[in-house]
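Each of the next two complexes has chain A plus one more chain, namely chain B in the first and chain C in the second.
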Partner chain A sequence: MSDDAQEIIGDYKYGFHDPENSTIRFDKGLSEQVVRDISELKNEPQWMTDIRVKAYRHFVERVMPEWGNCSLLNMIDFENVTYFLRSSNKTEKSWDDVPDDIKNTFDRLGIPEAEQKWLGGVTAQYESEAVYHSIREDLEEQGVIFLDMDSGLKQYPEIVKKYFGTVIPHSDNKFSALNTAVWSGGSFLYIPKGVHVEMPVQAYFRINAKNMGQFERTLIIADEGSSVHYVEGCTAPSYSTDSLHSAVVELIAMDGAKIRYSTVQNWSSNVYNLVTKRAVAHRNATVEWVDGNIGSKLTMKYPSVLLKGEGAHAEVISVAYAGKGQHQDTGAKVHHLAPNTTSNILSKSISKGGGRSSYRGLLQVTPKSTGCRSKVVCDALILDEDSRSDTYPTMEIGNSTADLEHEASVSKVSNDQLFYLMSRGFSEEEAMGLIVNGFFEPFTRELPMEYAVELNKLLELEMEGSIG
Partner chain B sequence: MMYHQMPIPSRSEHLWRYTPWPRIHPSKPDTVPKADEVIFSINGPQELTAEPHSQKPQGDIARAFLQAAGGSSSRIRLNDEMEAVHINARASGHVSVGHLHLEVKGSAVVFLHISGEPEWVGLHITGTIHPNSHLAFGFINELDSNTKFLRCEDWGLERDSSLEHASLSVGGFRCKSDLRTSLNGTGSSIRQSITVNADGSRHDDEHVEIHHHHGHTQSDLVMNSACGGSSHFIGTGLLTIAEGANKSNASQVFRNLLLSPNARAEAIPELEVLADDVSAAHGAASAPVDNNQLHYLMSRGLDPQEAESVIVNGFLYDAFSNLTNKELLEEMRTRLTVHLECELKR
Partner chain C sequence: MLSDEILRVENLYVSVEGTPILKGLSLTIHRGEIHAIMGRNGAGKSTLANVVMGHPAYEITSGNIFYKGEPLEDLEVFQRARAGMFLSFQYPAVIPGVQVGTFLKKSVASVRDDPPKGRAFRKELTAAMEKLSMDKSFLSRYVNDGFSGGEKKRLEILQMLLLQPHLALLDETDSGLDIDALRIVAQGINEVAADSACLIITHYQRLLDLVKPHYVHAMMDGAIVRTGGPELALELEDRGYDWLEVTA
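Right after this comes the complex of A and B.
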């Protein structure tokens, strides 16, 4: 790590990074030629190159969003970002073959241990491409496909072509256009009909190079009557210059299928995390987003579900922690497009040390969607006078039979609660920590155990020095 | 900025998402038609005085347009008033605009009734409530059902003052209201109730902003709408609590009752909180008439239509239940009753 970066981040526990050892690195800046080069280097079919180029042209034409934290958004210098970097020449199949420095990073993230215990499979995104991929044999036998997205495109081009960009077209927004143009890595997961993947399937994403954009593309298809829990975590080393993370995640839950997508992002506080995540739920399908946002400078992420089939259900649980210099602009969107669809959204946020957390949500019921029900709850805690919390919910109701509720509250930690805990022997800091952990508990209890443990540790770390 | 210098606001702003400026403008957005005057009259001894039009640059396109359009401009000063003051605003002609400024020292109860049949009406009400003064203000929109109506209100509340603000919106076919209150003094408070009864193809867009600039301020907003026919109601609220405005207490509740398959309602209650020692909450709910309530009333002899009417009436009355000024409460409920009875007879 460079001395200046070390000086800035100190001994931040989760802020390690390895010396860059990239074998292919593009010059900074984006052009149509860069997009074509990425596609050529990956030896992609012509249709994918065409989609990339089309997306690039749309990205150039599309203006920056005129809502949200425009001052921070407009600071992004797209010409100062590296759009492709390959760390390892081949996608490894065995953990032993992974280069030591890369493995060392993953070791510190705890992946091998988690895998040994009970994880279904691992594909770890290190910079732009997956370097490690494994899957339990029994899942392979059931026909489950779990690959990095590049390999998925090579090995199953017909499936990728059928679904790629169907949930989030490149023209959806400026950042989905950017991702479609320069995407690299990400996960491709296909669960055949009727297969229930019992163990969570996991992938980790990291940014290791300065001014390195990470544009992974994830596509998950759960065929009829199947179920899967996919876990994605992001941690990044701290740097003194800004990084851009702009992922696109598309989920497709066929009739009666269930997908749970859990994620904890802990990007360092110089990363722009501008992610588009959307799912389609067909008849009687269920999609659950469990979304934790701890790090980054600016996060704009609103996991969405299109409830397309009758009886489909969406569940979104999200938490956000906004510390010094951070703006967590997160939320959820649910579109009730079919009758008797239901959804629940629970959002919790904490702002501290001048941080800003915003909930931005949309609940839409179209005129033909009879008998829909939805409930949205947003709770926010502000821990000091320099911090800020916003709530921007939108409810669009086009059907008279819809039953929708939204409630939100913003408050500080109650003195009564603090007093109660302190009267039982806790220090003020411990009491505050307990209350904050309890506040996030509806989220952490939905996470796999090692993620919950890591999240609690991160929160403890963030809460240090919050009193006095 | 003046009107002609202003760009047309983007629909990405919540204020203009569902009723974009060109839809509420009387003709083409780059024109300012010559406006007739809204005639204000008063039933008491108080005096309405003519006021020169403000030349102050406006930060908002609707206000800038009303300023550019001219029309009438009046001011009324209210001290401790023993009886309720009724102001009638009569609009006529093709495009009609009025500006009214209220200045309150002491306590007063004021009702403003607007009526008339012009194609387009614009009304800008401003009010200053001086320290330790109290105003109960009722606004009744009884415009013709073919009128487009733009209404802007700006209220400033000084230290320890209070405003009880009730609106009954039953007139006009396309209405856009932008009601803003600044709690500028410690201890100031507002209770605001808005009742909207929309039917036919009526479009009613109510935007309410309450800004807590100082600590120990309170706000309480209730907005109830009943939407029938193919009507469209939009309720947007922005509640801000400024940095350092500690011990503020703010709440807003939006409720929509959807009565027909083609009715639509949107609710966007926004919060921006920059202080930590506050209590701020909002809630929104949309639902059809409760079948259990219908069943209960029908089991007591009411036919389905009567039963639904009782439930809708109760729901609309309920919006005023947070008001504490009896005179205001009774008048608004009376007006609502008259409107609902007329509607029932139609």
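Right after this comes the complex of A and C.
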């Protein structure tokens, strides 16, 4: 890692928040009227209002998942959540127009200045809506559309209408229903045919209001033969009351297109992070999920790919870090729905201080999908006796031509590794920091450098004051 | 001469999981001295090196170890390293995912009093690697991960050159090296040994042809049973250890 990157991160703090500056804030709790009000306030077309209402009704009827950490799930008090919050009345385009206290937040996240050099474009979600949005001119010239989701709906209603909810219908699960009913913000990204976006396209999200639910909605469409790398980062300040975060991310990779979606999320240990992420990959398309989860009270997230077209490829690389009082229930799902489709899943988890990480995976090969290949590797590192790791792999293999590999390992830090590193001058904490960073390295090296540095730093902080 | 005393081991008894391994071992090394220890497998040579460095699995049941005249017992392993002690491992640990370059930079930063930074560090690193005929590509590999035996030993010596220890414990650093690598590694040892105290654990004379020891110790069953000059190493290689058992 370069020294520059170290400087960019500076004295990054993980638990601060700005005074709430929201101008419009709904009362807590959810009803059909709240859903209608959100839609009206945003001046949405009737069809979107209808979708929201339908989703709301489904949400009310839909039971909680009966798997995963049910006792934690059932503790969610939906009445104690604010479903809409607007911090700034218009969507900004220029950095100069962004309110100062919001800039201040980004400053402390280590974002500005440096971003100019390399960002493809930025939408930053502050509270519920994007307040800053810029696209580099060459992206615009290439015909790339990169907007916050609300603006996307306003400016390109026909595209949104065509694809919204096609990958993840509102009825997929209780939380996708909730998101569809109350969504706000998120990104809308369209890459035209044959366009390759060289720089990663970035968005930053954070929770900053007490009990604030975040229900962003992201839709990415990569048209035939195009490619894009979308990056999203997230750091939550620590608050004492529970927060609910429930995003929906839909990706569509047309024939020969490639989408990589990278996320690092670091939630404080009061946050429920219940996210539905799914992609469709058409003929010869590639979808890559690079997904890092740190913190939260409970994360349930299983990025999935529907390999619909022949020759499509899925790659899911994920890490999860579960500390004290945290449960990471994460994994990957790949559905081989067409012949000669391939997938790679690499999942790594660390549990410490009584934390729990679970790998939950699904690999499906339909009877007609011949010649498929898949490799699944799950590695868990457990740092102490109190912590826990479990694996729940499911395989539904419909034909015998599939070439499948599955490896799983659970390991501990060995005394010999610690002794070796300490004999080179590292304290026990520093040695642990090196070992855990090394363990996550196959993931970290896939990230843009800023994120890699940030993640390494976070993990080192996690190892501090914890040994003895 | 007391000020030049680096390591003093006094009548040391050490157990592992309740089994006594070292049984009354004594040894003193001064700055500028090279000592060699030879002995059969299982004699306790690695145990001595590990216990001096502070491995937690080894329990000192009686006796003392002094470093520069101060008792070592209260120093943690990393503090010993920062105080100038270095162990070249017989079996270096693999640290997956940690790049050699990052590891070396951080290690030097934590051990050296006035560590070279930025360009100065890179310059020193490049020079040391050239001495050991190590390719730059080493730096982006993971520490000892997939390394051959010889590569591991070279990385140990590279670390020794960069950390500039006052006491170097070299545990079978010559094992698994071909003759060219042995020569290169020996050069590295000689460079450091000139100004430090050096303890070389080996089975073979061939390293001692290249790194001239001032003293050679024969170790059996957890204790030093005979001490001599370089000629003792030749004799041990020639006659084995049985004759010592008879005379001991």
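Everything that follows uses one rule, which is that the second predicted complex is superposed on the first by the 453 of 468 C-alpha atoms of A that agree within 3 Å, B and C clash if a C-alpha of one lies under 4 Å from a C-alpha of the other, contacts with A are read in each partner's own complex, and residues count from 1 in each chain.
Here is the rule we use: a contact is a pair of C-beta atoms (placed from the backbone, for glycine too) under 8 Å apart; a residue touches a chain by one contact, two chains touch by 3 or more.
Predicted model only: the values in this text are computed from it and were never measured.
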Handout entry: Touched partner set for A:Pro442, first chain B, second chain C, both or neither
Key = second
Practice task
Give one of first, second, both or neither to describe whether A:Gly256 is in contact with chain B, with chain C, with both, or with none.
Solution key: neither
Problem - Winner by number of chain A residues touched, once chain B and chain C are compared - result: B
Practice task
Classify the contacts of A:Arg424 with the two partner chains as first (chain B alone), second (chain C alone), both, or neither.
Solution key: second
Exercise for the section: Name the contact category of A:Gly295: first (chain B only), second (chain C only), both, or neither. Expected result: neither
Practice task
Mind working out whether A:Pro339 is in touch with chain B, chain C, both or neither, as first, second, both or neither?
Solution key: neither
Exercise for the section: Return first, second, both or neither, reflecting whether A:Gly186 touches chain B, chain C, both chains, or no partner chain. Expected result: neither
Practice task
Determine, under the contact definition given at the top, whether A:Ile397 touches first (chain B), second (chain C), both, or neither.
Solution key: first
Exercise for the section: Quick one: classify A:Ser389 as touching chain B (first), chain C (second), both or neither. Expected result: first
Handout entry: Common ground on chain A, meaning residues reached by chain C in one complex and by chain B in the other
Key = none
Completion exercise
The chain B residues in contact with chain A across the complex are 10, 12-14, 227, 243-244, 246, 256, 258-288
Handout entry: Contact footprint of chain B on chain A as seen in their complex
Key = 65-67, 367, 380, 382-412
Handout entry: chain C partner contacts - residues on chain A that touch it in the complex
Key = 1, 3, 414-417, 419-428, 430-431, 434-435, 437-442
Handout entry: Residues of chain C that touch chain A when the two form their complex
Key = 50, 53-57, 76-78, 80-82, 86-87, 89, 91-98, 102-103, 106-107, 110-111, 118, 142-143, 159, 163
